[in-house]
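Supplied in structure tokens, the structure appears directly below.
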Amino acid sequence: MDHSSLAGRIFRGVALALVLVFFMFPIVWILMMSFQTNEQILRIPPHILFEPTLSNYQALISGQLRTTAGNLEIPFMRNLMNSFVLSSAAVLLALLLGVPAAYAFARFKFRLGESIAFTLLSFRFAPPLLVLLPLSLYYQQLGLSDTYFGIVWVYQLIALPLILWIVRGYFEDISPDIEHAYRLAGHSWREAFTRIAVPLAGPGIAAAGLLSFIFCWNNFVFALILASADKQPVTVGALAFVTASGIQYGQIAAAIVLSVTPTLLLALYAQRYLVEGLSLGAVKG
Amino acid sequence: MARLELNSVGKAFGAVRCADDLSLVVEPGEIVAVFGPSGSGKTVLLRMIAGMFEPDDGDILVGGRSIVGAPPERRGIGMAFQNFALFPHMSAQDNIASGLRAKAKGGELTSRVTSISRLLKIEHVLGHMPRELSNGQKQRTALARALIGNPEVLLLDDPLRNVDAKLRYEMRLELPSLLRRSSAAVLYVTQDYREAMAIADRIAVLIEGRLVQVARPEEIYARPASVAVARLFGDPSINLAEVTPHTKQADLTAEIAGTKVRLDPVDQQAADHGPCWLGVRPDDLVVTRTASEDAIPARIVAITPMHERAVLLLRFADGSEWLAALPPDSPMASADDGVFVRFAPEAALLFDRATGLRVGLPHRRQAA
Amino acid sequence: MLPYLLSLPALLVCIAILVPFVTAAVYSLQRYRLNLPYLRGFIGVDNYIDFLSDPAFWNTLRISLVYTALTVVLELLLGLGIALLLRRPTRFHNAVSIVLLLPLMTAPAIAALMWKLMTNPSFGILSYLVSLLGVHDFKWASDPSSALFTVVLVDVWVYTPFIMILLLAGLRSLPRQPFEAAALDGVPASFVFFRITLPMLAPYIITASLFRLLDSIQQFDIIYAMTQGGPGDRLMVFQVQAYLEFFQYTNVGRSAALLMILWLITNILSNIFIKNWLRLRARAHGHG
């Protein structure tokens, strides 16, 4: 491949450039829009060079949107906060529930364990509404609808299979003899778990946690059904915001930028583990 | 210190019986090698003693107290693993100290780590992480970790398997005195009969989950309990011929490839035993150019230098092939030469053809 | 005892999934409308039978399948092509592959909003660009004739990187010897690609495609955020239809039956998927 022809190299270069333009352009364009006033956005033809403004971000952060029709309250910062709270809580809960279970599934081959692992895996691929719609009726009876706990609980559907299967793989890769050796040295299984197994599976646990966070953050349909305005994360909030603000395109772009920045940063940070996480642990990068 | 006792220990995984009625006593300060081919249940046996799984039947006692059902950390057992099983996220020092954290603190801990690592010559690498250690250093670290807690029972699972030949040779010389210092009851698993013979006070031969012979090394070599044991000890392995011994004028004889050879009269009772295997170790064969009445004519097929000896592949008139190991100073023959093979009557071992057990031994247990 | 104790919490989550699932199965056999609770009753498979003669159902099935086929095929071809371009693990290629993951890491619902802004008829940059090409008044998602094209485009933008990154990992994990041998023998590139690369990459291709197939046939976020199933019923895929049946027409029984059918399809696919996935997983963990 090093000795490909000049034509081949040019073709590859052009193809790669087109690919980069297609996948990067929307992100770059929206980022540019978020620093423009509505007037600048509506200019035709659009200008590549413009005087950037922070007014869109100021409006979002202050929560006050001044329009010709008067002042509009926007709860966008609250949505952002909700996303942080819901995703972090969901990941913490999933780690708490999932890591010990992953350890049990990796170390002891027992039928119930396999059933749980595969049920969670297969529901990862079942239509989410199938579970969500009846659940929303149960939630109303249980008083769980529109509570943080209720939403965090259904986020387990996203986070738990991911953590369970990725971390399980990491535990399986640790030789059981290492834990046996630690126990023979006079330590209980709990010490062997916390001082040997968990530290050694650490990178996997961290990766699974980060990815779960990204996927919880990016989720839309769960909160759409179970959360009302003051509990909504950014994904649902941004959509509501589009409907409410109408033609405030600069603010919409800024809202989009704020909504995706945390996950994009996390993704860049955790890129080494993305392949593994995206394939639920089946492919290592 | 305490002795280790196994009483009729049995264990099966599904239909596979990995341990079948195993009984064995290891005295404090004694080294018993558990030797057998791979898959014979050696590792399962160690793991049952260590508490990684429990026996289905029988009992395991340390110092007269049963340890069956006790968690591994309360069995008073030290173990060195074949793959070392060092904690990859801890320094060699911490690996070794982990065995003592529960029992000793501060100054005493450090001084004991220092003394054991001096003994094992790994003082200079105590600060290293396992991935920075050579295999030999890993193995010594693992040994130090197993020894430091002064366990009553020490289990060594083929500890020299993954180290290079030179180190294995050194450790074979070094280990017995090192292990004896601890005065623990030592069970040493190996797949190498020479290692077993070099290190152990006694060898327990494990074949298909059963202990077929437990005896001192030279005893096992000289008087193996069965054909299978005889074949496991010795390299090149023992020569075998199908014979039916009979008595002729007070002499016990057998016919090999048409030649009548005299056998040891001690094995007199073999006379009416019927079909047997006759075994002769390659080292016990004498190869000459001169014919005699009880020498078996043979042709040299190939000559292979091996260790400090030459190994001859011989073919008899009936087509059967034997190996002879010659000392280095013997006059070298060349391939295709016709020669004559003799052995002393007491060098021949007779085994029952059906059971494989040695003829003339008291039958402690009939094979199934 | 211990393993059961450790997996107890996970078991609870499992139950929390299975109970609503069974409930949905029961609802699908009922006449159950939230606005007419007194009519509620068991009607066997009537909900399902009604679908047979309902053109809306057939439209949903058709749109879902067309959407799935289009997105998976396009993403597979594009993803494979990009993976091949980035195959050599140079620093530049690695940087590109990471940057290309960003669309995949944006929330699909947000990605739909981004494209909505870019395809806005009055100021959208894409509308402007196609007008430069002489296509005026291209209405993107709001025109029935181009709505499917638009959402497929967004789906391709979001999910092609998924296929790309999996196949790239697969390509880079392939043993070198067959390729070196082929290069020494002067085997033509097309032969190498079709007879060596593709067959060896097959497990990755199958797993990645099934992954996408399963997600794509259930697509909700992009379509809902973009058009809510419209214009008209042009993009009324399974989950959007079920959502509207439930919340707009409050017909729980019908919504549940629709989802059960979707579940049946995905369940068959996911069983095939899990088999392939387990094989890849065993390979990644060094005992395959």
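Residue numbering begins at 1 within each chain, and the chains themselves are lettered A, B and C in the order written.
Just so it is clear, contacts are C-beta pairs under 8 Å (C-beta built on N, C-alpha and C of every residue); 3 or more make two chains touch, one makes a residue touch a chain.
Keep in mind the model is a prediction, meaning the values are calculated, not measured.
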| item | value |
| --- | --- |
| Category of the chain touch graph - line, ring, star, complete, other | line |
| Contact-richer chain pair (by C-beta pairs counted) among A-B and A-C | A-C |
| Euclidean distance of C-alpha centroids - subunit B vs subunit C, Å | 60 |
| Subunit A and subunit B, separation of their C-alpha mean positions in angstrom | 58 |
| Subunit A and subunit C, separation of their C-alpha mean positions in angstrom | 17 |
| Shared interface positions of subunit B, touching two or more other chains | none |
| For subunit A, residues contacting two or more additional chains | 189 |
| Interface residues, subunit C side, partner subunit A - complex | 2-4, 6-7, 9-14, 16-21, 23-24, 27, 81-82, 85-88, 96, 98-111, 113-118, 120, 122-123, 125, 128, 157, 160-162, 165-166, 169-170, 173, 204, 207, 211, 214-215, 218, 220-221, 224-225, 238-239, 242-243, 246, 252, 255-256, 259-260, 262-263, 266-267, 269-271, 273-274, 277-278, 280-281, 284-286 |
| Of subunit B, residues touching subunit A in the complex | 50-52, 71-73, 75, 77-79, 81, 83, 85-89, 98-103, 142, 145-146, 149 |
| Footprint of subunit B on subunit A - complex, ascending | 175-178, 180-189, 196, 199-200 |
| Subunit A - residues contacting subunit C, complex | 1, 12, 15-16, 19-20, 22-24, 26-27, 29-30, 33, 41-46, 96-98, 100-101, 103-105, 107-108, 110, 112-113, 116, 118-123, 125-135, 137-138, 153, 156-157, 160, 164, 169, 172-173, 189, 214, 217-221, 224-225, 234-236, 238-239, 242, 249, 252-253, 256, 259-260, 263-264, 266-268, 271, 274-276, 278-285 |
